[in-house]
């Protein structure tokens, strides 16, 4: 199985964290291809930054969705908490495209009733809340707790704030009733392994959850969307899109037409 | 008052419909500037098409948000039902940015308890439903009814399907319990005026609602977002954004810092 | 355009505040007629007081709905937060009847995701919460914060408690995550203008929102309710109603029958 | 135990049906006092008619709440489905005041998971839906089904439409998934007993539920509201209220002050 | 009327508290039969303990549901807060089976808008919250507050922690906005009577509510479930169930078939 | 990795279907141990049957949770749609315990926005709906459609009703707006593979989802519950439980104490 893991931010040091944790999390036999957004911001904290990132992620998915055989992947992980471009980007490829938030929420929901999210900035929490509510789990969200201080650098958050992050997680359990804690955001990739002993409930890593749950969904081979609201966009006049996007949409529409002509 | 009304689609004939109804709806003294998306699709029906459109709308807002004085506007209407890029785009300017869906939903909610949406394609309804639920009015949505057949052309939908649209609206009242009907989508701009007599409840036009409600919000002069989740994105490293977007973000951040330094 | 703005309380000093802010908020060309409840209490804090006020408001609407031509208005604003008699009173006239709460909620929802309400008494908050939930925006309510102390007089609340009110609004932003703050209650009419600089998010004035949004809805000319749950009450035996109410219901029923006979 | 059962409509023939079923339902030892609204309409179908009825019910409660000892009651049943004036009227007396809808909803919820309401007119269903949602049971409402035809007379609905009503109830079970059926509205008082054998799930009579559940709540003697949002309205200037209402509010406020002075 | 009141825990001292309060609460003419779980734990605090208890309660209901005439009862109260086995156990008997939580929630909802639950342990609160949300009243729950310290013995909680419990209830009113307080859990049976004067809102006792509301529902004689999701389980192969359960299911299926053959 | 897959029904032919699909779905290196309930019914259709099954499942989990090393498993799949005993059974073992419904819901939610469930009996649908709503996905449920006729045998449902099941799935897409279809119930294990080509959206198999998602969660190694509402039940007096359950609870409590003593 070959997975494309996309860092929707432009920060190469976070890409390195993502790569490392994705490879540690992947099952034997899973190959992980990691890509960094071609444009955007250092790390997403706001709804608008997420929208910009979604555009960058779309380009990368498109390159792999419509590319030649050697470029093809079996599934895609969008590796920023808050799931930029989701669920829209699921239309763009005929393989599963999953955000790390939705993956982490499922991993948490399968292990407990209520969960908390530990975030690296205060500003980021509103966007995270939107994301949880849109997924349907607003009623299971115990709390979102966040670092309040300024960050020294996005690549060193987990070392700079380790005790703070553990304390926030513990408070989520004792004060907010969390059964599971999610360490949110790619900059925290891999931290869950280190601090699990210090937090008395299951701790979910976004990147790990993204990789593992996409592996599971790819493994299910549920079939593709030839109808419904995630089928390829209908044929129509387009203008000004990148060559990659145009090719990806063309490919998706062709595949759909081919299938519809025979089986549906 | 000067309003920027953006057609998030690339279809100039729909832009003409939007311009016409926007001008008819505007209060005396309101100047309407209408712009068409620089890239995208003929008309948005899916979540991904909406994401593409959001990027195109962002560019246009940015040009006006950061431009010189003669380019400045007092408010922005995003004139596609489904509100591409909302609410993220509200971060990008220090004037009200409102989608025609959220405007139409408010206009309907102030006139009745439950409302229905009449849509021009079946595929489009899933995206509309997302939009209503995200706004908070899922519980007041009586139904979404849509034209089932193929469209001859996006610019002639309202003349090609007039009786069908009226019938769908009437069924929404008698079968679904709608107190108000929303004729959704810029391609239907202006139709509400023509068919109001044939539909026994208030009929809301998206473009009209967008213009009128933005006028109201601009008139309130509630102040701008210097804090909270719609303030300008925090200062951070960026790369690969268009000159217009970069300038707009720079401007927003400067304005915020200036204000924060003095009053907050 | 001629708007009827009704103070559902018997306090003339609050009526003066309402009149002043309504006139400042109104667009050029809007004439504002302000009326005070003929019976009731000094200011509404409870569900029962709101019920009493609803009866008083109904009488005033009825006088204008069924009166002779010179008495007619194009829209009605019910100017107490909590919207006494809503949405029932929308049945009573064939022009838009809007409460200042629903108007303020729409104005807030168009400017941000979550909002807080600042109230003048602790007792009043339960009624406000009911009102927000009934409108459908319970999920977007960040908090309701209120003055805890006793009031010296209802007409001087905003001057007596100005710093407290600003502090409550600031806490709503920093502690509760409000993107927009609503200064609730007619006794605070006009305060938003004065304190906007001290509160780092948009601040909505109930009276201003009521006037501006009714102007918008009247301007839309969406048509009247000849069917659905806001049409005039069906013809049936009545007893003991005031002459004004009887006349208003008669008029509404006649209008509906006339229309139904021809167009529906 | 002495219960006041109020018909919020002016129809004496419905009062007779209410009296009959209330007496059959009451436990031994319960005395039932039945009163008819002093003003209002023949039967409530709309939100506005319900508001008018609420005013009439308030007057009757006030007469009994503040009257001399021989007039006092231990609990009040508001005997129109849709619960006019609820929950506001609970503030007006220091004894339980319960609507037949909320009583019927509780009786249904204790006997099954989802329930349907059978109504006597189509127009009435919107008001009923509001009422169920406000109570919190929107998610347990399987359906509201109603008679579509015109009524010959409000006092003879149950005999005129018996087979229709049974058929609607059966469809609620087989088509809508109802575990329990509520025969709504005082005009159907007593019908549940007659048709229970023909409907394969429990059938709840509104009047019966109102009487039985108020008996239960009165029997619990849970104590009165000296604080919280159902305590007597705070002391303040009033004008234009009826002598009965004035006396009832005075009495409630005195009682609250007396108690607060000693125990809270 | 003969009611079976089941203590789902194995603690005889709690059974004594339950018996005492059940008898005090019951109407004249109601006979109360109290039984203690045959297996299980001292007191239920967790979802799994509740599942174990549900099995024990099922056995006792089965013994009475299918027993000879002298064993028959008219209704069943499951006397542990959290309602172990609900609503499943309603399928097992053709008489009303009600949990004390659902009864207390109804008693509270009929007396106010929002309520709080006072619990005897912190661990127990998650299970209670599940129960309230499943019943549909999550939106009316003001708070759950609990004793934090270790218990000396389950039979002496109310004497050991009386001041703490009163203080928690008062905080629920003043801090959380509770209109009604529920003293949860059979170990607190009877306490409400003692502390009502010290808590300024109605105080509901679970056992009292269970007995009174089952009396009300039994009195309504709404009929049994011959269809819908609470009818007796369909005929099918079974193995390994206790004789009592087998007999009860056989009896329920026979009764249903007999009825269906004639009336439905 | 060693997974325990439990058939909560007593039907050995369904166990064979489960085993077959579980083995086909499992990743290389996963060993699947399949067990059949020791008591219960042929197939669960009702809430009470689910409660009985939960007890049988608890015994099997207990045998493996507390057994000697060779009996130990790394995760548990409860292989009946409707998730009998969930989430309570998660307390009983320190490895992930997942129901096939929650697994299938996650698999569906990661592949689309709204999903439908295809069920093998009408009676079963109420229980399924409860389960979806409790998980938090009521708002994403497009529909539950079911076979209406009687079953010839539980082991042959998928061959007897193949065309019906495909037709129900297609209607869910075209009529109800499903983006993903779940073929519910262990008796349909393996069918998704066969019919995927005939259904134009992804089709999720419950057993496959259960196995794949438990593999994913086990692989995440998130840590165990030493605190929160899924930790082992607190130490307390117990009576009448089976040796296996007693041993499992003892083991869980010991493990928790050991860990708490050191790390928390």
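Observations on the model:
A, B, C, D, E and F are the chain letters, set down in written order, and residue numbers restart from 1 in every chain.
Note that contacts are C-beta pairs under 8 Å (C-beta built on N, C-alpha and C of every residue); 3 or more make two chains touch, one makes a residue touch a chain.
Here the structure is a predicted model, which is why all the values come from computation and not from measurement.
Looking at C-E and A-F side by side, the one with more C-beta contacts is A-F. Repeated interface: A-B and one of C-D, A-C or C-E share more than half of their contact pairs by residue number, and that pair is C-D.
Note on chain placement: the centre of chain D and the centre of chain E lie 26 Å apart, centres being C-alpha means. Mean C-alpha position of chain A lies 44 Å from that of chain E. For the pair chain A and chain D, the distance between C-alpha centroids works out to 52 Å. For chain E, the set of residues that touch two or more other chains comprises 87, 113-114, 126, 130, 139, 177, 179, 228-229. Within the complex, the chain D residues that touch chain E are 25, 27-29, 87, 90, 96, 98, 102-103, 106-107, 109-114, 135-137, 139-140, 173-174, 177-180, 192-193, 196-205, 208-209, 212-213, 215-217, 219-231, 259-260, 263-264. Against chain E, the residues of chain C that register as touching in their complex are 125-126, 130, 133, 138.
Contact residues on chain D toward chain F in their complex (touch as defined above): 113-114, 139, 177, 179.
Residues of chain D touching chain C in their complex: 10-11, 38-43, 45-52, 54-56, 58, 85, 87-89, 91-92, 123, 126-127, 130, 134, 228-229, 233-234, 236-241, 245.
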